[in-house]
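The chains carry the letters A, B and C, assigned in the order they are written, with residues numbered from 1 in each.
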Amino acid sequence: MNRQLIEVGVVLLFASVPLWLGNLYYLHILITTGIFIIAAISLNLLLGYTGQLSLGHVAFFGIGAYTSALVSLGFDLELTDSYTFVFEPKPVWFSFLCGILFAAVCGWLIGKISFKVRGAYFVIVTISFAEVVRLVALNWIDLTEGPMALNNIPPFTLGIPGLWELTFYKKEPNYWLVLALCVLSFVIVRRLVESRAGRAMIALRENEPLATSVGVDVTKYLVLATVVSAGMAGAAGGLYTHYVRIVDPDVFLFIYTVTMVIMVITGGKGTLLGPIIGGLIFGILPEALRGVAGPEVQWIIYGILMILIVYFLPQGIVPALTNWWRQREGHQDPPAPKETAREVVN
Amino acid sequence: MAGKANQDKALTVDGLTVKFGGLTAVDAMTFDVHEGEVLSLIGPNGAGKTTAFNAITGYLKPSGGNIAYREANLVGLNPNQIADLGVVRTFQKTSVFGGQTAFDNVLMGLHRRQKQTALEIIFGLPSVGSEEQTMREKAREVLDFVGLGARANELGSALPYGEQRLLEVAIALAAHPSLLLLDEPVSGMNPSETASFMDMLGEIRKLGITVLLVEHDMKMVMGVSDRVVVLNYGSIIANGSPAEIQKNPDVIRAYLGERHRKTKRGGRGKRRA
Amino acid sequence: MDQLLQHFLNAMILGGTYALLGIGLTLIFGIMRVVNFTHGELYTFGAYMMFMFVMPLQTNFFLALLLAVMLGVALGALIEIMLLKPLRGADIDTTMLIMIGAWIAMQNMEQFVWSGIAKSINNPFPADPLVIGAVSVSWSRVFVFVVACALIAGTYALIQWTKLGKAMRATFQDTETAALMGVRINTVYIATFAIGSGLAAAAGALLGPIFVVYPTMGDMAALKSFAIVILGGLGSVGGATIGGFILAMMEELGAGYISSGYRDAMGFLLIIIILLFRPTGLFAQKERIG
């Protein structure tokens, strides 16, 4: 009960931001940060809970963005000299769902392929996948306009055309939309994690032979995690594309995956709040640094921060704070004495 | 195929052979485990006991032979599929989910007993919540059964060695086995822990669970087993009741060296604990 | 037919440098179990050092090449000592994250120092190509091929016949036993990383004068190295050598007969296909540890 009250309070607080912030540029930053937080939440499901480092995560984000953009804009493809496939523009809510679905299907494929191989191989397969998709977006000019980008993408709309429609031209409704989807993503991941499926994922991460010995199907749960994660990243991509209303092959750049990874690692992988905290920090930090340092210096700082965090705060901010809080509260149960635990196991 | 004797057979291992490169770890092993009994697999170190375990539970692909459980062929199945048939094992090296609490360890073990599907979970159906509630109660029951009720909120890796071994059994029991395979469950336990483990094994039996045990502790083996199968160099050299086995000259010969080594092993076990 | 022959020749020439990249990466992974994301940055570093010595400093081209490779070796050793040595025994994910951090930092330092504008490097070779029958190849590419082959041969010799090479092979087989037998694991690690980095820097220094030099050039090189290494099997030097040539061949044919835009995609398609059908790579005998 108490927990629910706090949660509702926090969401209301975030929802009230456009009412008192009064600066549209700051609101814009919060919107893009929110979109990245959704992507980070989705990555956390894979990286944090199943322990699989997906370094091609931006592919799902970009697939969601491109699919939603293309379905809402319509396109035609010259399949043979005599036949051209014409796809009429569809409403944005429909294109958005298509984006999620297609990203999830790609996640399913990648999951099926790459969970045969784990660890380093999974990482490399996911990177390769993202690069292939980027090169396709760059070169399939008939469909994607390549480097010229898809322009004039319609903004998000809700409602029934002709009867009542709400179009998200302004920043405020976009902010609330992103916030709502952030909350939804958070809730979905929390439900998964606190259920049979999530426990199976954690069990696989912690001790795969033991997990399989009690009947956990490795492939099934890893693929499930990838599908949900990819769909969620696709949703983030769709939000992005209808908010900025232009999309080019740069959405697939590796650096965006890295941003998501940094957000998750910094906040605390495998914790529910980690990606949100990490996302807020790394969404707002670039703006804070903007006046002081150029983008290269910013990225240098990111890289160094990432190294420092892995060295000194390997669990991330959220677990560190939880431990600190527990100790302050007098709960004398610090994290497991790892050394002795290892000795016993060996 | 009818007849009472056949019906009684739970696990049938027929001509099981496992080769690693040129080395034959298990050679044409044949034995049965009957429903409801405790069968011990013993033999000197390197006799192929754990290898046989791994082959039965799907962690190793046998090079030859058949393994069947209640008429289902186990060869070629994945470990999780074998677990779904009710064949659940523990590991020789202590194996728990170290980063999770004892309670969550058991919850993870309950995986097989739950019905909730991914979509039901994502949509947050009330059935999921009520199942979670039942499972939490179930997890408490299992923890109490192995005597770890008071340790529910401690991390798996923070438990003392003997309790980690109990937690392993709790995880396996949570998976609802009809055949439980225990790989040296009391190694590294002190005599009083071993004694209470033997009591617990009796309780497990009363639940109607068939037990296949690999163990070095002869006092335990002779105390709990209905039958004993003795392995040496990958082959079975004896198969019978504990009393018969103790008199069998082949067994005595195979074990003579082992007995002497055993006293030394005791010391090592303590250091490990 | 002539066109095919020309593609084949181009592939051989490009394949030499690809093999250098692959060997460096596979050595580091095989011996140290580190997925080295800074590999591409060492490649970039080699190219920029070449630029610095040849263009503003007017050093002799061949001396510049030597200096660039040596600085690459030194930078590799430095990375090893500063970033990886404190993390001995950490799991592969941890080192991977550290290396990703280092990659981002290094790439942007290059951008910061040299700006994002692509730079070209003059070379001292005659402008007229070498013509053999119906095919032709520029002298600068011939030089690249010869040096790459020499470096590959040198690396083989080092691994086969030197004491360090023996220690490296022992560590690859079984780190713990090697340590018990008196192999200084730390030294082996530093040397391995330095050699691997030197090979990447050499590839960059060799290709820099042929293409242009820009800060993100290493990304593609790193990804291609991963493709080569997966092709050959992680940890297999012979596999990486052949893998380099196969990738180059596929790229040439892909660019020639499909579309030049997809040249760079060939490697990744190759990775995905190989992992699908033969996850141990084409040449590895050892079981893959995932």
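Worth a mention:
Just so it is clear, a residue touches a chain if its C-beta (ideal position, glycine included) is under 8 Å from a C-beta of that chain, and two chains touch if they have at least 3 such contacts.
Everything numeric in this text was worked out from a predicted model, so none of it was measured.
Seen from the C-alpha centroid of subunit C, the farthest chain centroid is that of B. Taking the mean of each chain's C-alpha atoms, the chain closest to the overall C-alpha centroid is A.
Centres computed as Cα averages put subunit A at a distance of 41 Å from subunit B. Look at where the CA atoms of subunit A average out and do the same for subunit C: the two points lie 32 Å apart. If you average the Cα atoms of subunit B and of subunit C, the two centres end up 49 Å apart. Contact of a single residue of subunit C with at least two other chains is seen at no position.
Listed for subunit B are no residues, as none touches two or more other chains.
Residue numbers of subunit A whose C-beta contacts span two or more other chains: none are found. Within the complex formed with subunit C, the residues of subunit A that make contact are 51, 53, 55, 113-114, 116-125, 127-129, 131-132, 135-136, 138-139, 254-255, 258, 261, 265, 294-297, 299-300, 302-307, 310-311, 314. Interface of subunit C with subunit A (complex): residues 29, 35, 83, 86-87, 92-94, 96-98, 100-109, 111-112, 219, 223, 226-227, 230, 234, 259, 261-262, 264-265, 267-269, 271-272, 275-276, 279, 288-290. Residue ranges of subunit A in contact with subunit B, taken from their complex: 187-188, 191-192, 194-197, 199-200, 202-203, 206-207, 209-218, 224, 228, 333, 335-338, 341, 344-346. Interface residues of subunit B, counted against subunit A in their complex, comprise 57, 59, 78-80, 83-84, 88-91, 93-100, 104, 107-109, 111-112, 114, 116, 118, 121-122, 124, 128, 132, 154-155, 157-158, 161, 164, 171-172, 174-175, 272-273.
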